[in-house]
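Shared chain: chain A. Partners: chain B in the first complex, chain C in the second.
Up next is the complex of A and B:
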C-alpha cells in the first residue's frame, strides 16, 4: 500500500540550496516538512508559499531534535555543509530516534563508501555529477560516431 | 624502566591537549603519532622529540591510512568538534580495526550516544570538570573521590577525624547507606581488609566504594560532617 502524502513527515537538517530546494518541492507536493538550520538567514531560500515548519537550531543537539519530534519522522535528510555533521545526524536519527529512512549528503566520495557499509543511505554530489557528465559525453560520442 | 615496544597511540586533533598527552605517553615509552589539520599547530607539535606529526584531516580515511591507523593500538580523538571526534573514532574502529578508541565529547548529553555508536571510552570534559569543582567546593580536602564504572560508582578515600561518630566502633556497629561498602582500612603503615569485627580508629583512612549519588551521605555517615 502506498503511504498517503499527508501521513509522511520529513525532517530536513540544513537549509542550504539542496535542503531548501527539497523542502520547497515536498511542501508543494503536500507533505509535512520541518526544516532546521543554525542560521535564521538561511530560511530566505525557502519559497514564499512554503507550507512547512522552519526551526532555528543545531541539528546535532538531542534536545532540539526531540522538540522537532524527529521520532515521528518518516524520513530524515541530513544536508548541512559538513560531512561529519551529516554523518552524526544520520546516526542520531537512526539509532537514538529509530527513524526508518535516513539519508545523508556527503561531499567526500571516499567517506561515502565507508558509511554505506554502516547502513546509512548516502548521496554524493560529485559522484552523481561525474556519472551524469559521463553519460552526456557518451551520448555525444555515439552521435558523432553515427 | 622497561622501554620495550609498548604499543602505538594515535592522537587526532587538539593542540595543548595533544601536546601534553603526547609528552606524557612518549615518556612512558609509547610510539605516538599526532594528526592535526592546522599547519601551524603541526609545526608546534613537531618541536616535541620523537613525536610523529601528520598534517591533515583525521576524519578522512586516506589521512588515517597514511598515519598508519591500522597499526595503532589506541586512537584518541581530541578535536573540539563532537562530529569530527565521532567520525574519527568510527573510521578507526570499523575501517582500520583499531582495538580501542577514546573520544572527547563536549556535549554531556552525547556521552551515551557515542558509546552506543561503538566508541570504547567517552570522556566528557564538562561533566568531569563540574564534578571536580563540586568536589573541591563542597567536600573538605581530607577526602578524595574517584569515579569508576563510567561514573556509576565512586571510590572515596576519607580520613576519620577524632570527633567522628564512628571512631572506636566496630564495622558492623556502623550504619552506612545501603549502596556503599568499606573496602579497605589504611592505618599508619598497614593496610587492613576489614571484616565486621574490625574496629575503626580515629586517624584511619577508609577506602569506600559507593554508588554514584551516595558519596555525600556516606562521607557524612563516616565523618559526622
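Up next is the complex of A and C:
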C-alpha cells in the first residue's frame, strides 16, 4: 500500500476553487501533487499547508508540461474554467504523454458524448447538479404522494 | 500506531528528536573508551528530553485539533520553530555543564554556535575530550538542515508544510513535502560520505575527517584542531574544504539539478552565477593586498585569499591563519562577504546571495527606469533553480525590507559589541558580522577569555541570523498575544 502511494503523482491544471480544493485534499493525504495555473494570484486559494509543487505556466504548452514532468504522472486532472482548454489538455496528456488516467471538467453537457470516445473521463458539474436536484425533487414528490 | 505518531503534537516529536541528537555522540565511545566517564552527562539531558517529548505526545494537544485559520497558523508555526531551537539549545548545553567543561553562559554560547552552524567557540580545543568534539560537530550537522527538516524526514503530517516554511526553507523540489525533505537528506548524506573519504585520502584521521566534513557541509566551521584547517597546511585538504563549503552554501534545489546531471541549467541559476562572479571579483584584489601586506608571495596570497573568501561567503568559518595582521582592505572584504552570506535554502546564513542579487537588480531597474522614456514597459525576471521567476513588486518589497532590517540589526549589534567587549569598531564589526551571519571567523575577541555580556550579544545575533529575524518577531508577537489573552481571561473569571 505504501509503495503504491509513493508512486502516484497527480498533475492538476487550473487552480480555481475545484483545482485548489482537490490539490489540498490530495496533499493532506500525503500524495504527490503538482498544480499549474497561468496566473500566480490563483495560488492563494491553496491552503498554507499545501506541500506539493505549484508552477506558473500555460497548461497547453508542451514545454511547460514537460517541465512539470507530466510523463511521470499517474493522473492528470484538467479543471480550468474553459471547456475547450480542458479537452485540449486532456488530449495532450493522453496522446502525447500517454498518461494512464485523464479527467477533465466540462461545463457543457452536450460535449460529453463526443469526448467519451477519446477515452477521457469527464465530470460535468451541471449534469451532476441536475441529477442531484432531480433526485431531491423525486423524493419530495414521493413523500407528497404518500 | 503510525497515524497516532503523525497526529501527536509537533512539540513532543521535536523534543524526542533533540534528545536523540544529544545522545548520538555516545557512538564514539567504542573507539575512545577513556571518555566513558562522560556518558551520564549526555544520557541525562537526552533521556529527559525524550521523556518530556513522550509525555507531550501523550497529553499535549494533538496537531489535528489545532485551528486552521491562516493567521494563527503562521504564528503557531513560528512559535513551534522558536520552541524547537530554544529547547535544542538548552538540551545541547547541559552536557558541557554536567561534564564540567564550561561555565553556563559559555556552554549556552557553544550550543547556540553549534545548532546555528556558526562555529564561534568559547572552548579551548586542545584540552577537550573527543566525545565533546564530536558533539559539537554533530550539532552543526543537524543544525545545518534544521530541526523541522529533520522531523519531516521521519514523520510528516498536515502541519509539516507550515513549519517547513516557517523555518526558512523556501524551496519545494518534489511534489510532496516528505519527499522533498528526504531528497535533501539524501544529497546531504551522500556528500558527507564522499567528503569524509576525500579527507581521509588527503591525510586526516577518520575521526577528524568525519568531524570536519560534517562541519564544512553544514557551513558550520567547528574544527577539532586549534588552528582549524590551517593546522594541516596541506593544499589538497584546503581544496577539498573549498569544494565542500561551496556545496554546503549552494541551495539544495540547485544541487539536485547538478546531481541529476543538468549542469547547464545549474549554471543558469542566478544565485550560482552571482556567487562565482562575486568570488571572481573579490579574490584577486584581496590576494594582491595580502601578498603586499603580509609580505608573502602572490601565489601564497591567492591560496589564502581564495580559501578565506569562500569560507566567509559560504558562512563556514574555517580559517588557515589569524587575522590580526591582515591589511584593512582584506578585513573589509571579508566582512562584506560574511554579510552577503550563502544561498537561499542552503545551510548557510547571512543576507543570502539571492537577496543581495535581487537588491542590486532592483537598483539597476530603478536607474534604467529613470533614464528611459516614461512609457517603457519592462518585465524583469531572474532564474531560480525551479525556473524563471518574475521580479514583481511583492518580491522587491520583501527583499529590500529584509535587507534593511538585517543591516539595522547588524549596526546595533556591532555598536553594542564595542561597549561589551571594549574593542575597536573594526573588531566589533568583524565578530558581530561573523555571529549574525553564522560564519564563525573571529578576529580575536571571541574565545575562552571572552566575557559573558559579549557572548550573550553574539548568541542573540546567531539565533536571529539563523532563523531569519522575521520568524522570531512573529513568534514572539504571537506568543505575547496568547499570554495576554490568557491573563485577561483569568482576570475576568
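Criterion: the second predicted complex is superposed on the first by the 143 of 146 C-alpha atoms of A that agree within 3 Å, B and C clash if a C-alpha of one lies under 4 Å from a C-alpha of the other, contacts with A are read in each partner's own complex, and residues count from 1 in each chain.
Everything that follows uses one rule, which is that a contact is a pair of C-beta atoms (placed from the backbone, for glycine too) under 8 Å apart; a residue touches a chain by one contact, two chains touch by 3 or more.
Bear in mind the structure is a predicted one, so any value in this text is a computation, not a measurement.
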Task: Side-by-side fit of chain B and chain C on chain A, or clash - done: fit
Task: Touched partner set for A:42, first chain B, second chain C, both or neither - done: neither
- [ ] Name the contact category of A:53: first (chain B only), second (chain C only), both, or neither.
- [x] second
Open item on the list: For A:92 in the superposed arrangement: first (chain B), second (chain C), both or neither?
Closed with: first
TODO: Please indicate which partner A:122 is in contact with in the superposed arrangement: first for chain B, second for chain C, both, or neither.
DONE: neither
Task: Which superposed partner A:9 touches (first chain B, second chain C, both, neither) - done: second
TODO: Report, in whole Å, the shortest distance between any C-alpha atom of chain B and any C-alpha atom of chain C after the two complexes are superposed.
DONE: 20
TODO: Could you list which residues of chain A make contact with chain B in one structure and with chain C in the other?
DONE: none
Open item on the list: For a test of understanding, state which residues of chain A touch chain C in their complex under the given definition.
Closed with: 6, 9, 27-28, 30-34, 47-53, 55, 67
TODO: Mind listing the chain B positions that touch chain A in their complex?
DONE: 59-62, 81-84, 86-87, 90-91, 94-95, 107, 109-110, 113, 116-117
TODO: Please name which positions on chain C make contact with chain A in the complex.
DONE: 68, 70, 73-74, 156, 158-162, 164-165, 172, 174-180, 386-387
Task: Touching residues on chain A, where the partner in the complex is chain B - done: 60-63, 82-85, 87-88, 91-92, 95-96, 108, 110-111, 114, 117-118
